[in-house]
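Have a look at this one.
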Amino acid sequence: MLHTVNKSPFERNSLDTCLRLAKKGSAILLIEDGVIAAVKGTVQSAKIEGAVGNHAVYVLGPDLKARAFSEDQVISGVKVVDYAGFVDLAEEHGTHNAWL
Amino acid sequence: MLHTVNKSPFERNSLDTCLRLAKKGSAILLIEDGVIAAVKGTVQSAKIEGAVGNHAVYVLGPDLKARAFSEDQVISGVKVVDYAGFVDLAEEHGTHNAWL
Amino acid sequence: MKFGILVNEGPFTHQASDTAYQFAKAALEKGHDVPRVFFYYDGVNNANKYSAPQADDRNLVKLWGALAAEKNVDLVVCVAAGMRRGIQNESLAPGFRISGLGQLVEAGMGCDRLMMFGD
Amino acid sequence: MKFGILVNEGPFTHQASDTAYQFAKAALEKGHDVPRVFFYYDGVNNANKYSAPQADDRNLVKLWGALAAEKNVDLVVCVAAGMRRGIQNESLAPGFRISGLGQLVEAGMGCDRLMMFGD
Amino acid sequence: MAEFEFETEGVKKTFTFMNRKAPYGTIYALEVLETVLISAAFEQHANIIFVDDGVYQIKAGQDTTAINMKNFSPTYGIIEMEKEDADEDDDIDMVWRIIVEKESLDARGLTEDDFKVSVEVLSAAEIADIVDASDCVISG
Amino acid sequence: MAEFEFETEGVKKTFTFMNRKAPYGTIYALEVLETVLISAAFEQHANIIFVDDGVYQIKAGQDTTAINMKNFSPTYGIIEMEKEDADEDDDIDMVWRIIVEKESLDARGLTEDDFKVSVEVLSAAEIADIVDASDCVISG
């Protein structure tokens, strides 16, 4: 299963619920304002730092760049993908579960 | 100043920010999904229980009823108003600040 | 007292325009003035004349229009926000007019209160 | 692989329809099929033919329409959601068609993946 | 316009409907419900799941008169009947489950008795397994 | 249609623009900016405040090429110039302040150096006083 989260962890509870209900081993892709969760050094960073042990975690590069985050600000263990990579993840990981 | 919060404290951070940035003595009215914050016995109840000492806190009755909350489920110190009461609060408390 | 109203969301998806309408109605019933309601962001969709909800549901486009007709409320749709989203003269419901964002600032300047409803 | 796509939000206010469009485009470029995009909730506003954003901004209504024309993508607007919000034949942009919610369920049944984009 | 016809004859999938939002503040609850009902016409399996503020959707006693919106909560009763029909009628090959997350209930001080329909109360971990095994997820 | 003309001659109010949302995920940042610019035409006082994820709106280095959206962050530079003009020109009776909440910065590990415009960094308590004294609040 491929989970996507598109909201900032500062603003909404969708990342929390995703992490609570995502099966161990499933993939999580952070997109849109959700990329904020992938950034090091915020009070929310611990959520994704904790998740990389249980899930394959990805972040959408185009959304990072739009919001002026560089790839070296991304939490270690999180992989950066583009839209083509998003398509590959959807192909590879089965059912899509968008936490809206 | 009259602050309004229209989102559930479970879903968004708008109540937190309202409580952080509302001046002591200003009024807070919970409307729409924001009425969930006014309900006793949830893990979010402490926020409004703590706020009633510093603010005049109100909740919109029509929104409570729609969501099947009775007035006796409302946190002590929070007053229930209808739309006419909302208008009175807006008249009485000056500038409206909607935390969206 | 004069209440200006800013509506930021379209009908149906968010409750904001319902709440704004109920507030405006209650203010008018209490004898206050609501000289202008300004529709901005997705709020412009309140003026879509093709909106036709089911018979057992409220029709906010018509409710706003009736308020304008009966109570002399000036319903202004932001031209730039409307262009983006497809609210132009061809799709504009009766009772609404299209104008610039300056009309929002003027409502803030000219009313005793500017009430905002959104998501 | 066949990707069905569900778009829940209108253009501009939320990024969801931009992301859905970029996903669809990337999937087609990789040689996948996108037989159907279904527009539900405020997503129906992606089909508003009167949408006319500024020249330096993207026009999602036209981008979707072009995808339909060039890549044979079936763009379906939910009839009930569209009626509520004012998307009917009179306001429907080229490339889109209006049909029932069954077309969403069929896309889920007939595609390998159903991708969802919303708020 | 490229009208497409899917081959759906004999296709049986499991749809998960993930309801996470409170009713009335947004329309998502109502429009997801409409999708659930349509999926019955195609005899698809369905997990109708309520988590987070979505659990408020099925509370008994909703009264929307004063907000002038349509009270759509009776429709959950129709969903429950559809499920019972499918459970009892051997000719209907359709498994429906109505599930509420225990963690979401506890956080809100709610119990099964607050609801207008019969539900299975399951833990987050149990729900994770069910969702992971489904073919399409539609959330609102 | 009831077109209304307001008496605004000589009216001077203080508008607070409360920016709380990240850029690009939603359009609010951009459309609030347009309102700020229009308020300058009416020579109104303005507090342009960034709290919560709104602080990301003024980060330097935004590049929207790959998401195919308009990068509107250069407009904040225009806002800054309007403010400087108002500060320096005695004929313009307009006080503009560009304010960022310290608590929001700290929570995100950001400093003033991350921003493309000059800002006042103030505490929540200081901002509460400023907002409370304003006449109209427009948030997004």
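Chains here go by letter, A, B, C, D, E and F, matching the order in which they are written, and residues are numbered from 1 within each.
Quick note on the criterion: contacts are C-beta pairs under 8 Å (C-beta built on N, C-alpha and C of every residue); 3 or more make two chains touch, one makes a residue touch a chain.
Here the structure is a predicted model, which means the values were calculated and not measured.
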What's the overlap between the neighbours of subunit C and those of subunit D?
E, F
Which chain's mean C-alpha position is the greatest distance from subunit C's?
A
Would you mind telling me which chain pair, D-F or B-F, is linked by more contacting C-beta pairs?
B-F
Measuring between Cα centroids, which chain is at the maximum distance from subunit E?
F
From the mean C-alpha coordinate of subunit A to that of subunit F, what's the distance rounded to whole Å?
29
Taking each chain's centre as its mean C-alpha position, how far apart are subunit A and subunit D in Å?
24
Can you check how far apart subunit B and subunit D are, centre to centre, with Cα atoms defining each centre and the answer in Å?
38
Overlap residues in subunit C, where contacts from two or more other chains coincide:
8, 12-13, 15, 22, 41, 57, 80, 114, 116, 118
Among all residues of subunit F, those touching at least two other chains are 24-28, 52, 67, 69, 135-137, 139-140
For subunit B, write out the residues touching at least two other chains, lowest number first.
6, 10-11, 13, 32-33, 62, 82, 95-96, 98, 100
Can you give me every chain pair that touches, using the contact definition above?
A-B, A-D, A-E, A-F, B-C, B-E, B-F, C-D, C-E, C-F, D-E, D-F
Given the complex with subunit F, which residues does subunit D contribute to the contact?
12-15, 18, 22, 56-58
Which subunit B residues qualify as touching subunit E in the complex?
6-8, 10-11, 32-33, 36, 40-44, 61-63, 65-68, 70, 82
Can you list the subunit F residues touching subunit B in their complex?
16, 18, 20, 28, 51-52, 101, 103, 124, 127-129, 131-132, 134-137, 139-140
Name, in rising order, each residue of subunit C that touches subunit B in their complex.
1, 3, 8, 15-16, 19, 22-23, 25-27, 29-30, 32, 113-119
Can you name the residues of subunit D that touch subunit E in the complex?
6, 8, 35-36, 40-41, 68, 72-75, 80-81, 94-97, 100-102, 104-111, 114, 116, 118
